[in-house]
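Chain IDs A, B, C and D follow the sequence of writing; residue 1 opens each chain.
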Amino acid sequence: MKLLDKLFEQQTRHLAQRSSRRGMLKAIGGLLVGAGTIPLLPVARAAAADAPGRPTEKGDPASCDYWRYCAIDGFLCSCCGGSENTCPPGTEMSPVTWIGTCRNPADGRNYVISYNDCCGKSSCGACLCQRDEGDRPLYRPDKTNDINWCLGTTSLAYHCSTAIVVGVAFEAE
Amino acid sequence: MKLLDKLFEQQTRHLAQRSSRRGMLKAIGGLLVGAGTIPLLPVARAAAADAPGRPTEKGDPASCDYWRYCAIDGFLCSCCGGSENTCPPGTEMSPVTWIGTCRNPADGRNYVISYNDCCGKSSCGACLCQRDEGDRPLYRPDKTNDINWCLGTTSLAYHCSTAIVVGVAFEAE
Amino acid sequence: MMIAYKSRRLLAAVTGILLTGTALAQQDRPPPLPIEPTGIIETLPAAYPPSWFLVQDAGFFHMSDGKVYVIDTAADTLASQVKGTFNVSMIGNITQSPERGEIYAAETFHTRGSRGDRIDVLTVFDQTTLAPKGEVILPKGKRFMGMPERYALLIMDNGRWLGVANFSPATSVTLIDLDTRKIVGEIPTPGCVLVYPTGTRGFSSLCADGRFLSTELAADGSVAKQTRTDVFFNSDTTPIFEHPAVIGSTAFFPSIAGLVYPVDIGGPVAKVGEPWNLVPEAERAQKWAPAGIGLIDKDDQGRFYIIMHPDAKDGSYQGGGPEVWVYDAAAKKRVQRIKLQSWGLSLAVSRGENPVLMVVNPADMSLEMYNTGSGEFIKTISGFGQETPLMVNGSK
Amino acid sequence: MMIAYKSRRLLAAVTGILLTGTALAQQDRPPPLPIEPTGIIETLPAAYPPSWFLVQDAGFFHMSDGKVYVIDTAADTLASQVKGTFNVSMIGNITQSPERGEIYAAETFHTRGSRGDRIDVLTVFDQTTLAPKGEVILPKGKRFMGMPERYALLIMDNGRWLGVANFSPATSVTLIDLDTRKIVGEIPTPGCVLVYPTGTRGFSSLCADGRFLSTELAADGSVAKQTRTDVFFNSDTTPIFEHPAVIGSTAFFPSIAGLVYPVDIGGPVAKVGEPWNLVPEAERAQKWAPAGIGLIDKDDQGRFYIIMHPDAKDGSYQGGGPEVWVYDAAAKKRVQRIKLQSWGLSLAVSRGENPVLMVVNPADMSLEMYNTGSGEFIKTISGFGQETPLMVNGSK
């Protein structure tokens, strides 16, 4: 039960909140649900470099307090044979998903994060992480993490969750 | 993991052995495998009575140190909605089984115990108990508890194990 | 010779002929234990006592192996508390019809466990045997699957119909005739989720734009009318929980900020009343608010129970809390404040005259029982095989 | 207007057109993180490094959800240790063919999880994707299901055939052609269990009467000859473990009392050699004996490793022990005595020049790594989602 202890310890000590801000996300909720299906240009993976002119981010993608996980609820794919933005071998990435807006402390920007689930194998079981910032009940599908988002995949078995940068968020409240 | 701790704590402290004796059980191994299928006369349940002339036994059938469990390995049906000799609701009792010979401290006799598994629901999960007295590797099917004995049942899902008195054992070694 | 003798003796024992009083038994020993019958399976009473609860273990770490435990909370030993279990695959939801003696579970299977063809079914379990007595094949890939919900399944029309909430993510309700165990139809509920009671032959769903969609059904199960209520909350700024307590014909929906909305569900269209604050004015500075999964329930005395936590903030509404507050719904007044042993994630209250409160302690996944009158802790129930009992329910 | 402006901006962000250097970025900020591709699935190398292990989690509390974890023991963080997993239902057994890049698993499913029609299959997993690339439907209700065994599956005939041990409780071996993924035949092994290598195109099974049954196969998979060896142990009084360590053409079978039987498996019929005592004479008073589940393994330097416990008695042979003893097989001599952190239930040794030892600690179900040269504890691997990793294997 150690994993569970850890999970609920986090809940019970009321995780310090990130300073993420949310703008008009609701207005495009319908678009963002399904963001994963929009063909995105492959880009080079951002290195956490301090070199000027290079995009930067910091932190441990296998840790629940990693900046991208502000609205996550599930097993971190980084601990399951995948990474923060790729699925473990033999799984399938869900094309529909929920999103969060998380602040990247390395550049002070808020990013739209798509939490695509990896599906087709049973619960990974490692690095359970629940943050819920900006999460809403399931009448707001674009912002709910309590759904099994293995929808549109051949198997509904939930394995783990990724946190993929899909855009820069509007900054004002 | 608490249940597992308990299980292996028992293993690691080398459970004090009962003084059970085994006689010529091997000779009738072929008969005893399948003892559960022999139609037995229904008899009144033995009460733990001290009245002279009444059969007696003592102990807690929900406890791993109950005398009948000397060769058991599994979840005690007593903790799962059944009892030491009945299956929980909605399960099916396996007709083939392994047997042990356990000493009833209340009357000093050794009894042949049939460990019929209850099948058709997933692991009960309560009161895991491993004793292994007289247990042998699986080349001795009549005396092995490492097999899933949900054989001859419609489902192979193992739920829990009973410990049914099927006879008085021969007493000499 | 020796061998033959021994074998005969053992054979006799195994086949049921007991040797008593001769070589085996000493003069002062009682007769040996009788041979016991095999193949006996326990059954449960047709009507469950009020002290029995249905504990839903979603099996978050092993979702194909979800379970429902039938637990007698009045019993003092584990052996007498566990009455039985049944499997519910892939975080299914359940509801109970005591009139039919049935428990329904919406579940999902793949032909190869976590892979292969998918099938969604509504399984009909018999209360006395905890075995399936029937099933209805559901439309593929539609039924709602997420954290457990009390209103993902709804019995309507005086027990004739069962509504199954769908989320694919398109939302609808599949209507099942419980007499024939056939699907009557599927009612789209665009933008609105779950299935709450309204009237006798209808249901309401909760919408992203902060209102209810109330559906009135005709006698044949077709849609007679769908009505959207006025907007009464903002899902961004003033969201409510999707978990109500239903007392008589009023459903009490708490908001995440700590108001409660009484909703009249007696007629065919939900009518939202004036919200009132769950937190007494003097305590609001401590930022008390509701939180949890199955965070609210009611008793038969007109009271509802809700898990509360202080220092509420963004992201804390699902985490549970250290207290359960009890309200007199009619008086709109808190009547009891129960300090939990440590923390609660979900709760349930038993029916009848002397209700008891069950609270899921997420730290060790045990169940804690409390006296609803005094608020005193009674005992912990644990070790029955549970992994993640995320939702609990008093039996009906 | 304002809304339109915001929406356009967000839409741009979501569809991949980044707005940089204007309103959003301050002069001294780096450019924003790029949008990342979705849908990327990791793959594994065709050949597994020697530091990789296959950890079999039988899921004793959730047998429909058994798993095999591919773990890199050389890595230092959990994220880099876990390479991937695949599901194996109902305490299945596995074996690996590095030549084919495949891992085989005998598993069982029911159409409704724990109930409904049963199907037994041999699933062929691809080593690089950990996804099934094929399956062979096995004869129904026959395949051996019990605590994990290394010799429930056996690759024979230079990798062409796979034997699957059956136990229903009638015993036999199903022979599968790995090229065609079809069943070649079923060979009865009455009174004898499992499938150990003998010769190149044959196998042996271990019998209740204390001998081997050796089966020679013809080129078409039919039985050429079956031979029973002399009795070499008594299953009541001098039982052996069914778990051997195979070094070259010799299989070392420990006995429960602490002898080890070297068995020549190079020819078509098993030849049992003289047993020798695992316990040095001076230590026999402490009643040291082997114990555990996967209690024995070997390295590529001719040594075998076995879990030992003192104070052996009836019923203790499956419980594991506090030490691992290492033997030079040729010299019949103990060369290392490894004191475990607390207790070991199963072990495995990696292949190659610098083998490491993995031991399952049953107290917390963690994996402990030891240096085989010095016997020193290296580290614990845990928290990867395991429930009951009862059997571990070095990768091939």
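Throughout what follows, contacts are C-beta pairs under 8 Å (C-beta built on N, C-alpha and C of every residue); 3 or more make two chains touch, one makes a residue touch a chain.
These figures come from a predicted structure and were not determined experimentally.
Comparing the chain pairs B-C and B-D, the larger number of C-beta pairs in contact belongs to B-C.
Of all the chains, the one whose CA centre sits at the greatest distance from that of chain C is D.
With centres set at the average Cα position, the gap from chain A to chain D is 34 Å.
Centres computed as Cα averages put chain A at a distance of 29 Å from chain C. With touch defined as above, residues shared between interfaces to two or more other chains in chain C number as follows: 61-65, 87, 113-115, 364, 385, 387. The set of chain B residues that touch two or more partner chains comprises 1-3, 121-123, 125.
Contact residues on chain D toward chain C in their complex (touch as defined above): 59, 61-65, 87, 89, 107, 109, 111-115, 119, 121, 123, 132, 385, 387. Against chain C, the residues of chain A that register as touching in their complex are 1, 3-5, 7-9, 11-12, 14-15, 17, 22, 26, 29, 33, 70-71, 96, 120-123, 125, 130-141, 144, 146-148, 151, 154-158. On chain C, the positions that touch chain B within their shared complex are 3, 6-7, 9-16, 18-19, 24, 29-44, 65, 67, 70, 77-79, 82-87, 125-126, 128-131, 364, 383-387.
Per the touch definition, chain C reaches chain A in the complex via residues 60-64, 90-91, 108, 110, 113-116, 118, 141, 145-147, 167-169, 192-194, 206-208, 235-236, 239-242, 309, 311, 313-320, 343, 345, 362-365, 388. Interface of chain A with chain D (complex): residues 2-3, 23-25, 27-28, 31-32, 35-36, 38, 40-46, 52-57, 60-62, 75, 78-83, 85-93, 95, 104, 106-109, 111-112, 114, 116, 118, 121-127, 164-171.
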